[in-house]
């Protein structure tokens, strides 16, 4: 087991750094991934060849899907990720073949107030630092694909605007995986003809882009190419939609995403397999890890534990309405609802926590409610 | 040998796709890199642990450094990369221990007119598609680090401007590894206090950033941390410089670049080792691959072939004045000057090629000069 | 009488152009304005020396003040101005000493859909074209004074910002007496240090400025100087107000407004005296003609008829709450409420008129309601 | 004589304020302007009915035209205006029928470093304060006409852009008669469809507009209408010019300028007639007072003294090449070249004065050169 338990429990980061991880091929072996189906990213991370696995295990029945959700969370979080990983670890210790599936953390969030998103205590996913920073480059690839399209829109407008794009109706933002409030509302294309036509534009965080949503929803390269092609990026002066396909960039976007479609295999603090893949925000997209990771996990394991963003009324419903409806193989066999006494008290009016409040106030409220 | 020669010579891309590459550990073995010193990125790419290698071979004398440069190139290029790789392949076929070092290609350039930058014909570096697209994420990591600092500048200005930054003297641009002319001149921070203070800003291509130059010049993590800390990002209302250190982001930037410092090992079409690492533009920075790649190569091989950007009057002089002066271990033992008859004719006035001219005209001129 | 009545009644503009106006000194004579108290602007317009008149007639009791207001108007207007002028003409024909006071029309409105604002039919104020266009330059003077201050704000920020003005809290817009929607939201100060610090700014129509409101509320030059001096134009980074006085422009603004304080004397289509002076918008300011014109008229005439903008619930209440409260000499002796059957029907739901609707539709509705 | 001479000579402003001006009708009488041909703007300013005068005196031979110019001036000015007025006063004292013609001062310049432009000492034009501020509203009228067109361009682009105007090729600036450096480079049309299409725009000082140049060059209303109609304001996406006529605003612009075409009659400190009319900048336009004022003066007087902007190599040549070529009746009979010893010394290198230098330095240099 990578991590030896101590008392008192050290901080999350101490636990993460003291872990002696299994080589990732050992983790892969436990769930029957062949060596040829692994692409290593260092010693403890590997992308898995989903096409080979899905083809090889086509006729094997799927495992059971356990979805972890929560009541409406407070700004302090409810602990869905930690519960989901802990549940996976428990089943794993009982000798069951179990995989957790999880979203990739956004640097914009990691460097923000919320911090990383790899669980806590003795229920973490490792290697924490790599997963929270550049990981295997999936977010960077989505960012590049998304911005390639954004730049193509402005280039098309500049070069005679053959698609007749209405400058007031460009709907596709630029993106960056960093919180940059100054980029929420900008004017681009200044400086004359060499640079382009001025227009109001905006940046969103990469994990909130449509490309990120498509990346998490797609079932494979061909489907990805088609979904990207259909994405509406702007409207013409006549009010007709303009797509990535019209712009001629859907192919290049797909090329940039080839590797990003492969799920990333890592391990928990107890060494059981976790697929960390896909990163759509739950507020504006569906907020669950990639469909491909779920499909692969359901073939490889008897029990798959996944998590839906925010409370059950948001993330869980989106999971059912969007993910399950599009991919019939994915349907929950069991649902776990995380519910802290702290949240019950807060929602009941015992104290008030609001996003953006000073940390000291939040901490004090959080501590007082333990009494 | 990964590639079997045919006649007539197929296109670059056919050669690249038909290659049967050696597993990268075999390439590593030829130059004595230990298995523990490899971090795989798939089967044919590995990052090498430069700290371990440089420590292990500290007392071994360096190999010979051969620098490939050229006369002033035409818009069609002079063929420095192809000559450099071909020279490496020739020495390799004679059984010599040789490594080529090379810059990583920018997607902004790959998707532009110029195209990829991995050589041509039977003197290519492979796997071409991965190297030209996301590769091992080095450029994405530099982009994230650079933009983290850019966003921190605007955040600092918004939150009371404790560093007294003059809004008219922010010198640090945002960046993107995509050619986006509409972002050359923009106004950011619109929309009121929630978003920030308006200012004129600009985007540059990631490989043209100061962070990219620092990444290629540094000799290790500690040095990187110090160089980033010293980088001037703005000036105060009193005209005093403001650095990354003042902003408090040098540490986070370094953390994002830990893996990006490790040179990337790949192979040529004949299977000899090539380190592709670092990507500073030659027009605004020094234009040679990373110092770390050169240092590692000089320890591992008897002959190291590197290349300097643009003509000898630009790139070679920068190499001597900037790189060699900062890192005394790097000094050319031999220089190769590539000089095509086409360029001599063009510079002599036989025909005229200008950047941005229609491809047909360039092609015709290029063909006519063969007569 | 300047206008001879015809049947059928010609168009407003025909009536206006065929009028043979009295020389303005004859109109002035009727209400006892001395020749020395007139400043001619052409033959049919004169500014009156309010200081001389108010001093000369100090002990004379004021005339009666009749305020014309209306029920909530439709987009077609209720006819307040026409009723007010008609009422003045009727009293004048009975030999009573009567003056109408009226706001000056904005070119922004004149060139817009609504058109001029000098009454209609045989109850117009003349010379219509001059009054509706440049008139005696009062609006231009207010515009110049207001923009002088706006430019001073940006100049102060550029030149070291000695007043510590928060760039996000400049409250004083630029202005123009022309409807220019493209200027409602702009970014100024681009182009580097030679031009200034970028900030979001906006233009309003001149008659909607605070300077226009002050011009209409003031009782004289000294009071004007003080009111302008108190006007808040921005806030410091510490949240403290910055005034025109702080900027050092209140004196120059006052100098620009010296002549604009003098009421403009013209005549109606029946040759009775009308003072057209002051132009605050009723939606954002108090919407009645200048206090100075009212004070002068109350001294010169036995009956003064004035008008309040929009419906009684807006303009009449503002008149009572703002104008009468500040200047006790001004208080209504009689109120006339204009109420068309058309408006009653429209408000009752018989048909619907909305601002911005095609003229044809409005016309049809207006005609149908006559049945 | 309005001004009594004292010793030592008081300041310019004391002289101006102590003057006891002639009623303007007395000044008009001296040059034979009929009372019907005067439109009073207060007691000391009148617009003259140029159409009546030019018709009435059609067959009278023109007076002699004396043009005052200078060698290249220093930043302190050469004194052209003072010399021109003094020359007029001298001829007037000898009993000759003489008129000076002069440009109207820009508030942008009056409130700037240079100050007013009505001469100095005992050779001033009065009433100085009125002339330097709002005067008879000519500049305000030109500003309104010019901006009406500018706003019409943006409105046309917003409402379906029927003229196919290329947003990057709008050549017609907005204007303001106030120095506002922050408006030199702006982005307008922000905020979405309600406000318009974003574009880079600029403000110029009103006296530097094409409308100001046209106002000063025109010979009458019909000619004005045609010149305005021909003015190019933008280019289409096909590179074809778009004119005021195409926009449908030339008529409204002309209507706004009807009164502004009438020359303004005032007097010098010795009471001789001066026509102050027209205000094109000499750096970007032709820099002389209005053609209409010159034509009227040449009919009314035996000697007309006019002045050309800047040095003879700029203003005088423009006068000959532009004004005289277009209006054959205007041709110099005599030229006076003002040439100070100060300027000769400065151009000869004895000391250096540069625009924008601190006043103290300029003053010191100016004083030292008197030695």
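All chains are identified by letter, namely A, B, C and D, in their written order; residue positions are counted from 1 within each chain.
What we mean here is this: a residue touches a chain if its C-beta (ideal position, glycine included) is under 8 Å from a C-beta of that chain, and two chains touch if they have at least 3 such contacts.
All figures in this text were calculated on a predicted structure; none of them were measured in a lab.
Undergrad: Mind checking chain A against chain B and telling me if their interface is mostly the same residue numbers on each side, over half, or mostly different?
TA: On the two sides of the chain B and chain A interface, the residue numbers are mostly the same, over half being shared.
Undergrad: Approximately how many whole Å separate the CA-defined centres of chain A and chain D?
TA: Comparing mean C-alpha positions, chain D is 67 Å from chain A.
Undergrad: Please compute the C-alpha centroid of chain A, do the same for chain C, then give the distance between them in whole Å.
TA: 60
Undergrad: Per the centroid of Cα atoms for each chain, what is the distance between chain A and chain B, given in Å?
TA: Those two chain centres are 30 Å apart.
Undergrad: Residues of chain D that touch two or more other chains: which are they?
TA: 187, 190, 197, 199-200
Undergrad: Are the chains arranged, by touching, as a line, ring, star, complete graph, or other?
TA: ring
Undergrad: Okay, what are all the chain pairs that touch?
TA: A-B, A-D, B-C, C-D
Undergrad: Across the complex, what residues on chain B touch chain A?
TA: Listed in rising order, the residues of chain B that touch chain A are 39-43, 47, 107, 111, 129-130, 133-134, 136-137, 140-141, 143-144, 147-148, 150-151, 154-155, 158, 174, 176-191, 194-197, 199-200, 252, 255-256, 259-260.
Undergrad: For the complex, give me every residue of chain D touching chain A.
TA: Listed in rising order, the residues of chain D that touch chain A are 167-168, 187, 190, 192-193, 197-200.
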